[in-house]
Amino acid sequence: MSNVTNFHFKPYNVGRWIIWGAYALVLLIAPLLFSSSLSTTMLSQMGIAIIACLAYNMLLGQGGMLSFGHAVYSGLGSFLTIHTLNMVSNGELQLPVSLMPLVGGLAGLAFAVLLGYVTTKKAGTPFAMITLGIGELVWAMSLMFPEFFGGEGGITGNRVTGKGWFGISFGPQIQLYYLIAVYCFVCTALMFAFTGTPLGRMLNAVRDNPERVEFIGYNTQRVRYIAFILSGFFAGISGGLAALNFEIVTAEVVGAGRSGAYLLFVFLGGATFFFGPIIGAVLMVIAFVLLSELTKAWLLYLGLVFMFMVMFAPGGIASLIMMNVRVAAYGKLRRLWPAYAKLAATALLMLAGAASMIEMVYHLQLNEALGPEMRFLGLTLNTKGVGTWLGATVVLAIGVGLFEWARRRFAQEWNEVQEEIEHLNRRREAL
Amino acid sequence: MSFALELNNVRKAFGKTEIIRGANLKVAPGERVAIIGPNGAGKSTLFNLISGRFGISSGEILLKGKRIDGRTPYEINRQGLARSFQVSNLFHRLSVFENIRCAVLWSLGYRYSFWKFLGNLDDANERAEQVVEMIKLDRKRDVLAMNLTYAEQRALEIGITIAGGGDVILLDEPTAGMSKSETKRFIQLIREVTEGKTLLTVEHDMGVVFGLADKIAVLVYGEVIAFDKPEAVRANVRVQEAYLGSVLAEQQAAGA
Amino acid sequence: MESSFFTISMLNGVSYGLLLFMLSSGLTLIFSMMGVLNFAHASFYMLGAYVAFTTAELVGFWPALLVAPLVVGGVGALFEKYCLRRVHKFGHVPELLITFGLSYVLLELVQLVWGRSAVNYRVPAALDGPLFTIVSSSASGLDFVWRQAPAQLCNSVDPSVVVSCTQFPAYRGFMMLVAIFMLVAVWLLLTRTRIGLVIQAALTHPETVEALGHNVPRVFMLVFGGGAALAGLAGVIGGNAFVTEPGMAATVGSIIFVVVVVGGMGSLAGAFLASLLIGVIQTFAVAVDYSLVNLFSYAGWAITPETFGYPVLRLTVSQVAPILPYLFLVLILIFRPRGLLGTREG
Amino acid sequence: QKGETVKVAWIDPLSGLMATVGQNQLKSFQFMAEHFSKKNPAGVKFEVIGIDNKLSPQESLNSLKSAIDQGVRYVVQGNGSGAALALIDAINKHNERNPGKEVVYLNYAAVDPDLTNSKCSYWHFRLDADTSMKMEALTTFMKEQAEIKKVYLINQNYAHGHQVAKYAKENLKRKRPDVQVVGEDLHPLAQVRDFAPYISKIKASGADTVITGNWGSDLTLLIKAANDAGLNAKFYTYYGGVSGTPTAMGSAADGRVYQVSYNHYNMGGETAKLMADFKQRFNDDWYTGATYHAFALLGEAMARAKSTDPVKVAAAMEGLRFKSFNGEVEMRKGDHQLQQGLFITKWQKADAKHSYSPENTGYTFAPVKQYDAYVASTPTSCQMKRP
Amino acid sequence: MTTMLQLDNLHAFYGKSHILHGVTMNVQPGEIVSLLGRNGSGRSTTVKTIMGLVDGQGSIRFRDQEILGHQAFDIAHRGIGYVPENRDIFPKLTVHQNLLLGQKRKGVSGRWSFDDMYGMFPRLKERQHTEAGVLSGGEQQMLTLCRTLMGDPDLIMIDEPTEGLAPKIVELVAEYLKELKRRGVSVLLVEQKLTIALEISQRCYVMGHGRIVFEGTPADLRNNAYVRKEWLEV
């Protein structure tokens, strides 16, 4: 992917104000649009995940550090926050609940200072493997030390403690959501600001060419280390918020699964763009909470989506968006609409065919107790009927055929548009 | 007076093979020195030793009178020594401007700060703009380094080297791979941007050597066998034997 | 330590080490040659076990020994050809992620085909039972008896003499043999052919290598397929030695990375050494029931549950034995990032 | 309440390490729901909604939210005391913060004694027998086995394993002071691939009996390794019958593995028919007896409360005595722990008398001893807070 | 005798940018032909297209057989050798291993043996077992040339072989190119240094903007001030 943009930090940029304003607005009104209790928790979790994924991307996207163990920092942040919460509940300490995520942040920071020192000595594969090792160690310890980690049951707490301000007790999920939203906004802004600081830029330089960095006066190890600490801080904040959100912290929060999810979804969202991880985080929550409820085959879908994304859009969703933004900036997006529409329609048809077959297979294997009939896309399918299978196959085949046709048409138009843009650019350059 | 750069009996061995065998060199401030020598004589290695990329086996290296051997590259750089590479060594996913700006940050004292915005660092931005203009890449200011042509990359390579404001500059084959016409333009560029600085450069093109250098050092098998004014070096029998003494070199030199 | 216990533990350690090597040899092959950290390796291992199970049901264990690696190798080769190759140019991280994705897909597919519980994949009769029995008696020391030791040998007549018999399973011996076979095969591949060179060169300059007359895509496909086939072979052997179930991939998932990394990126000998070392260390660590508490009380410090850090001090070596490899990994990477015998850092 | 449909959310893993077990139990619940919808004293219909919690406490909370959004007022869960604790805690908070929308939680397999002691909750009802009760029965059985002289404890290094080890030592000291505990090991959960070193250690210790709370691959690999090394000790286990384990044990474990549980494969009567039906329908074994308890208990309590409102039903369930497949059982009022008889069974070849063979292994767990509820009953320290 | 290499109306593209616009040229057996031109005129692109590394249209015939559209390794096996510009040595392999990879089949070398190579550049022999990545720039250049020779090509295409070499070695390389010719190898030489190119080649082509703008003998070119001025110098 060659179209990587750069973020010049130009203050007083109108576009920027609009984007940040819109971001704040989305955070503000989302729970009003989606108001069921599940969606409120999901929104809360998205806010938390956004901070975590952005923190992770400080390493991966901006610093070129592939970590397999970043959950250690968010997780330990969670544990210290919940312990603090319990101390406050027991009256051993005075601290408003709204500041507790900072405790998590400090914990993440402290552990990053400690463990990051050895981790960031190296880059590349050794870095990746050290994080893997440390992650496994912390995870194994978490089950062995029930005193701190609470064993299998974890540590529970009650966020309704101390005296609330103006009736804000953080008991109702919605109040907590707004706390998370505020943290999410502030952390996003801070992390974005970081990309425009000398250290942030040097981190990019270290990613691209650590050797040269040494010859322009910087110690690469130090650059990585400081970035790691900052990333640990933000990860810790997200952990702290998670502790308040769930009011229980168990060993899984430091586990490899969590770390792996950060990696996968940051990548899926797009590690090369600042906002990529935000998309990734939203998808992560949707995938884990909703997708697994919608279908038993969610892991299969997830795996396939990953493989396709890595193959066809290695820059993640963010890069797809930016490619279209570029086209739009030249005023040519309208021309692509029909092609997009065809592409989407045929893709849906193809997916419907494939998904119905997958769902039927899973139904046969898992839900036979409910009889051979299953509901899918509003239809009742008889999983034992030859006709159903035949139908699904036909839909799939037609879908594939049409999709291929639409894809070719689209590719052609897309190329044309790109060529025209190139042409325009060259003309502009020549002027 | 103290020399800008001083090498005393520097030795370097890789495994059993000794590549630099007691090199001595004293460069006065403001001098432009070209280092020539057969392939594999150790010219690039010498640059690597001076700039701290490799440690020396014995001897000492002084920069403006201070020992720098055993220091890390970034420490040496902070003392005012900058170098370029034989193969372009850029930050390929950053734009031309960002490449240069990265290179000026340390010297302006911004170090590892993450509480200031680059956009507000007027001195750094100004300096970076200046350098971009100097290396004549202002029209490519926002192009990613990896999308530049070869010659532009070489120019950027020089830009990064000089941007930090170091006053001792090492350039390793800056014109390699360029055609005659481009080479000419480039020599001019180097002259401009290194005005008033101490310059060491490695070159095989005698045109460049004679066009650029006040003094020439000849490195053969890890030893400096001659260090003198160009004419004197050209007349030196040992140098002719070891290195020059060919039609090609004569022609190139004549063309300069 | 008693000599019989020592002998048995040593045997256990070495055979466990060889087992680890068997599991990770394909990964080493792929990693050392192509630089790809193949997260789906364990899934190939699982696939090998399942395919072997079905093949063994149909035509018996011995054909399965051949069929399963071929099938898995084929799957690996196809994956390389249609997926991995496409992302190669994007760098190592996408390569790694696509194998991540593959591991999900393989797991789900295996569950769809073979169901979610363990399958009854058994050791063939010819390899069932002990290879030899170690008879240790407090009177006459150690003695090795081929196959099963007769019952009277294991029961002492004299009550003052303690006799105990420990069997060494034949299948474990077989497993060791296969591991050695893999070592030799991979070693030959690396040293006797130029495939390794071609791939290493192609990692940085694929076009140049092609221009020199080497069919680079085919070589990549063969190597990846070969690595997958080795995983498949490990699955044939490991599947019945342990349990063939969907969780089997996850249980070996990270330990094999430890072996490869500790050994040194790209070093076969290193991986072999690391396997043995980890096997032996871990086995002996299990036998050590001492903790820091014991150590300190030895030195005269009284440690009570109130002492700071008691939960850590209380852990015995045997309790942490299975996670020692990770500790080992972290320490090695910090102090010798190239790994035991590695030559490069990444 | 007659004719009403009662939605029961099943929150347990369908993916990950415990997916196999989860699948089986979801099927069991669906099967039992169907069975009890046909006849129950309250005349209600049961509908089971399966939600995958991926064995994760945090995900369980999401599942709970989703269940509540779907109008569910009854939740069942069993795999993992971690998820159980999370659910208890969340349900306590939910019920407190949302009066009128209370949710009741039936725990069918999470056996951490804390759940009905220090962490007990009014909204939580446990249908399985907890670790301490099972150990009580197990050691009572061992008391009578004179040949037991040296015992070795090997367990997973986490809460459940710690508890098994603790109760084993306490009970043995009390009931068989002459028995020597010759060794104790705690190994990390699901991390050990090769148990041979542990077996050597057990062997070296001279133990004749091993007590283990291990489950899943940690149990099967342990038994396999023991068999390979020719270790002749007897194994006293908790989880020999769980999906996958019978297959793995096979003939290797013949006569050497004992299990303590509140049901077994050869109980005859109604269960025999249910098991046969289940097997025919799903080609799988019905071994989670608590799925039966759950609907028997709910049906009975709803009939008494004449309502399906969780608050009333919960009140009715307290202290309720009802008939289940293993005789009359009682939901003890003080801690909501079901009091029921326990069985000690032994892995052996299936024969005419003990004919049900799990996973078509040709082997079965045959009962060797039955204990009445009072034998295995353990005291509770629960101080129940009632609304 | 058949023509060694014949290009007819060759067009080439990098993605969508059109670089070669109908190149027609040929190389006869036993001939040294040089291809001259300014930076960016498309010389490297021409040889890469012949080698199958860049997509082309038109016709490329090697010994009267069409090779356009074939894969690079196949073209190499037919007997074309290619020495890339910018030192594409394999940095992690030793010098010897680099040479080993030059052989198309293991252990099969034709006209050239390892000893020939080491005899040609003794410097390489000294550095035999070092990683090629640490070689000096000039040493790398020598290695690239030798590596291709190990494949025993009948036609060798060399892209800027003297780049970064000391003047003395440059002359040495010129000698070796003549030696190649004596051993019956045809050479297509892409060069920057006019002196050398004109001295050793029999014919030369000059390229500009992806087209052939001049064809003739070195003597013709020397006499053609217009072409030199317009297409070669500033």
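Letters A, B, C, D and E mark the chains as written, and numbering starts fresh at 1 in each.
One rule holds for everything that comes next: a contact is a pair of C-beta atoms (placed from the backbone, for glycine too) under 8 Å apart; a residue touches a chain by one contact, two chains touch by 3 or more.
These numbers come from a predicted model, not from an experiment.
Least step count on the touch graph, chain A to chain B: 1.
The chains touching chain A as well as chain E are B, C.
For this pair, chain C with chain D, the centres built from the Cα atoms lie 34 Å apart.
With centres taken as mean Cα positions, chain D sits 75 Å from chain B. Measuring from the averaged C-alpha position of chain B to that of chain C gives a distance of 51 Å.
Multi-chain contact residues of chain E, defined as those touching 2 or more other chains: none present. Within chain D, the positions touching two or more other chains are listed as 23, 157, 188, 191.
Shared contact sites, meaning residues of chain B that touch two or more other chains, are absent. Working note: touching chain pairs come out as A-B, A-C, A-D, A-E, B-E, C-D, C-E. Taken together, the chain A residues at the contact with chain D in this complex read 36-38, 41-42, 45, 140, 143-144, 146, 151-154, 156, 158, 171-172, 242, 246-248, 250-253, 288-289, 292-293, 296, 298-299, 366, 368-370. Every residue of chain D that touches chain C in the complex is listed here, in rising order: 17, 19-20, 23-24, 157, 183, 185-188, 190-194, 196-198, 200-201, 203-204, 206, 216-217, 220-221, 224, 228-230, 243-245, 247-248, 250, 284, 359, 361. Within the complex, the chain D residues that touch chain A are 14-15, 23, 26-27, 30-31, 34, 51-52, 54, 56-59, 61-63, 65-66, 68-69, 80-82, 84-86, 89-90, 93, 97, 112, 114, 119, 157-160, 162, 188-189, 191, 281-282. Only residues 415, 418-419, 422 of chain A touch chain E when the two sit together in their complex. Taken in their complex, chain C has these residues touching chain D: 2, 5, 8-9, 12-13, 15-16, 19, 111, 116-120, 122, 130, 133, 164-169, 171-172, 242-243, 245-248, 250-252, 255, 282-284, 286-287, 289, 318-319, 321-323.
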